[in-house]
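Chain lettering (A, B and C) follows the sequence in which the chains are written, and residue indices restart at 1 in each chain.
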Amino acid sequence: MNFDWSVIWTHRSALLEGAALTVGLTVLTMLLAVPGGIVLALMRLSSNKLARSASLAFVEFFRNLPLILVIYWAFYVMPMAFNVQFSPITTALVALVLNVSAYNAETFRAGINSIRKGQMEAALAIGMSRRQAMFKVVIPQAARRILPVIASTWVSLFKDTSLVSVIAVGELAYTAMQIRAQTFRVLEMLTAMAALYWLMGYPQAKLVDWIHRKYGVKE
Amino acid sequence: MEFDFSPIADNWRFFAGGLGVTVALSIISAVTSILAGLFIALLRLYGPGWLRPVLVFYIDSMRAIPVLVVLVWIYFAVPLITGMSFPPFWAALLALTLHIAAYAAEVIRAGIESIRPGQTRAALALGMSRAQLLRKVLLPQATIRMLPAFGSILTIAIKDTAIATVIAVPELMHRAETVAGQSYRPVEVFTAVMLAYFCILFPVTRLVDRLYQRVAHMGRS
Amino acid sequence: MNATASPPARKNAGQPPVLVYENVRKLYGDFVALKDVSLQVQKGEVMCLIGPSGSGKSTLLRCTNALETIDGGRVLLDGVPLPARESEVRKVRQRMGMVFQSFELFPHKSALDNVAMGPVTVLGMSQADARARARTLLDKVGLGDKAQNFPANLSGGQQQRVAIARALAMEPEVMLFDEPTSALDPETVGEVLNVMQKLAHEGMTMIVVTHEMSFARRVADWVVVFESGAIIEQGPPAQIFDAPTVTRTRDFLGHLGWNG
């Protein structure tokens, strides 16, 4: 069995483009899913029963589905529902944002709820409105607890972008597997794929550890 | 636009088989991951010093590499190195275990370390050996605290089995793709399968949430 | 049933009471926390609410500034019932100050900014003016040199004194204290009680839920004894502590080791 590792070098620009798209998808998804999560969390905490139920249903639904299934489903349903052809990237982005927003919503909600009721009461007692109390007292404290969890979600998202390869989005996994199919260099390409993910993901994981240490809650 | 859900009804046995594989793969990989994770965590806490960085490297690497990548590597690349090839189900089981055990190891390590040091001191003062301390004092307490996390591991395992479709493991997701392709009714098929997965996962997540609430109550020392 | 002994001369008896509770009723599910409680608080009076845990004293306090809603009866501040709408209740809360057992300082703000927060956020004062007021109040409670400290760097007693300053910054008519010293080490209890006593001498109307019987004996103008959601006795400290007219009062005090 002979191995030709030079094939990795030959296709380095394609692989790097794939890696760049992986990063781009992660960044773009988070940019949309953080506000998405905040909106969902505030809906869940609001006094409006409809908003609460809608948010709860959305979050529970997307937390309880495999992402790969959501990706496939979006791929087939979106063109049918909107009568428009979407590019695979758009479909991928929609699926990812729906999925991550649901997780973020839980993170934000739990973070806000973890701030003791007494803080809200103290703020109300000096005459603040609920809104003022939320934005000036509760949320600044909740942010500290929420950040490490969002960081962990980020790393999970980074890995999950590999799943959009099933609908032919040209991120790293898809690119590597395409090159494998073209060159028949299975071991080399799959190892390169793993190594590239490792190179990008390992520092991120370490960064998350640092964030957890720095902002971890000491009760 | 009309919907035709008949392909699902017509192929219900096919789907049921897929569901069976999903359930089997999920449960087995959850169990093997937890056992492997326990082994790794104990090695890390009490094993030889030189082993520690190796284990940490493994754990951190699994945080960086997607499960899909591990899966295809084991199924396609390992045979080229070792000459040994795995049938899809076992390749998936191995890959899932490898990936999830890293997470389980961290959970277990954190669980053991979260027990107050006074407990260890008290047990040792009574004359217990380290092994007894572990078996009779630390692990029982840690297990209760970790139950919700173990539930999470089951959830993760169930969701990850769907990824095994890419190496043609005949689980539910793969069955869905097959029927969707043959019947040209992807929307109906995938919607139905979505509901199926939801019905499996929702009770498990609910249980985990409830366990977390119970444990939080006990965690107050 | 409330004790209906006609009270001897109370402080500022000629003036209308600041707070009036009329048949206040509060339920938590099936549990009746307050059973038709009626009470009056005079201007400038220091009223201490005492009684066993769960007897309703803290509940009554929290109904006073509408942190809890009542299920029957009325609470009147200066003759006006508390409004039902949250937006209007806010204005009433500005006229009362509350000090909590767990201090509840805002951990992400310095002592100075904790005290200034009310004036800035609620009264719309400028930062500079609010901080000036805060400095004065911190001096008043003896913590002028701790203005820049964050709550994590303050002892319990110091935190509670900052909390008192924070409540005073809103220039309230009434100060409500919910077991202000119960969470403090015995050494620091004194510094907080001294501040409270000073406040009392300056004529502040105060309602204090407390277990500190010697404080109540020394500083209170009027003592109200609660049990199971109702008032069983009320009167001047001399009566309650030296010659209680109701057996259950005597039992409660005896339980606490109070030897008169």
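The rule we apply is simple: a contact is a pair of C-beta atoms (placed from the backbone, for glycine too) under 8 Å apart; a residue touches a chain by one contact, two chains touch by 3 or more.
Computed from a predicted model, the values in this text were never measured in an experiment.
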| item | value |
| --- | --- |
| Topological distance between subunit A and subunit C, in contact steps | 1 |
| Chain separated most widely from subunit B, comparing mean CA positions | C |
| Middle chain, criterion being Cα centroid separation | A |
| Computed distance of Cα centres, subunit C from subunit A, in Å | 48 |
| Subunit B and subunit C, separation of their C-alpha mean positions in angstrom | 54 |
| Whole-Å separation of chain centres (CA-atom averages), subunit A against subunit B | 20 |
| For subunit C, residues contacting two or more additional chains | none |
| Partner subunit A, residues of subunit C touching it in the complex | 65, 67, 86-87, 90-91, 93-94, 96-98, 100, 102, 104-108, 117-118, 121-122, 163, 166-167, 169-170 |
| Of all residues in subunit A, those that touch subunit B in their complex | 1, 60-61, 63-70, 72-73, 76-77, 80, 155, 159-160, 162-163, 165-166, 173, 177, 186-187, 190-191, 193-194, 197-198, 200-202, 204-206 |
| Parts of subunit A lying in touch with subunit C, wherever the complex brings them together | 116, 118-119, 121-130, 132, 136-137, 140-141 |
| In the complex, subunit B residues that touch subunit A | 1, 60-61, 63-70, 72-73, 76-77, 80-81, 158-163, 165-166, 173, 176-177, 180, 186-187, 190-191, 193-194, 197-198, 201-202, 205 |
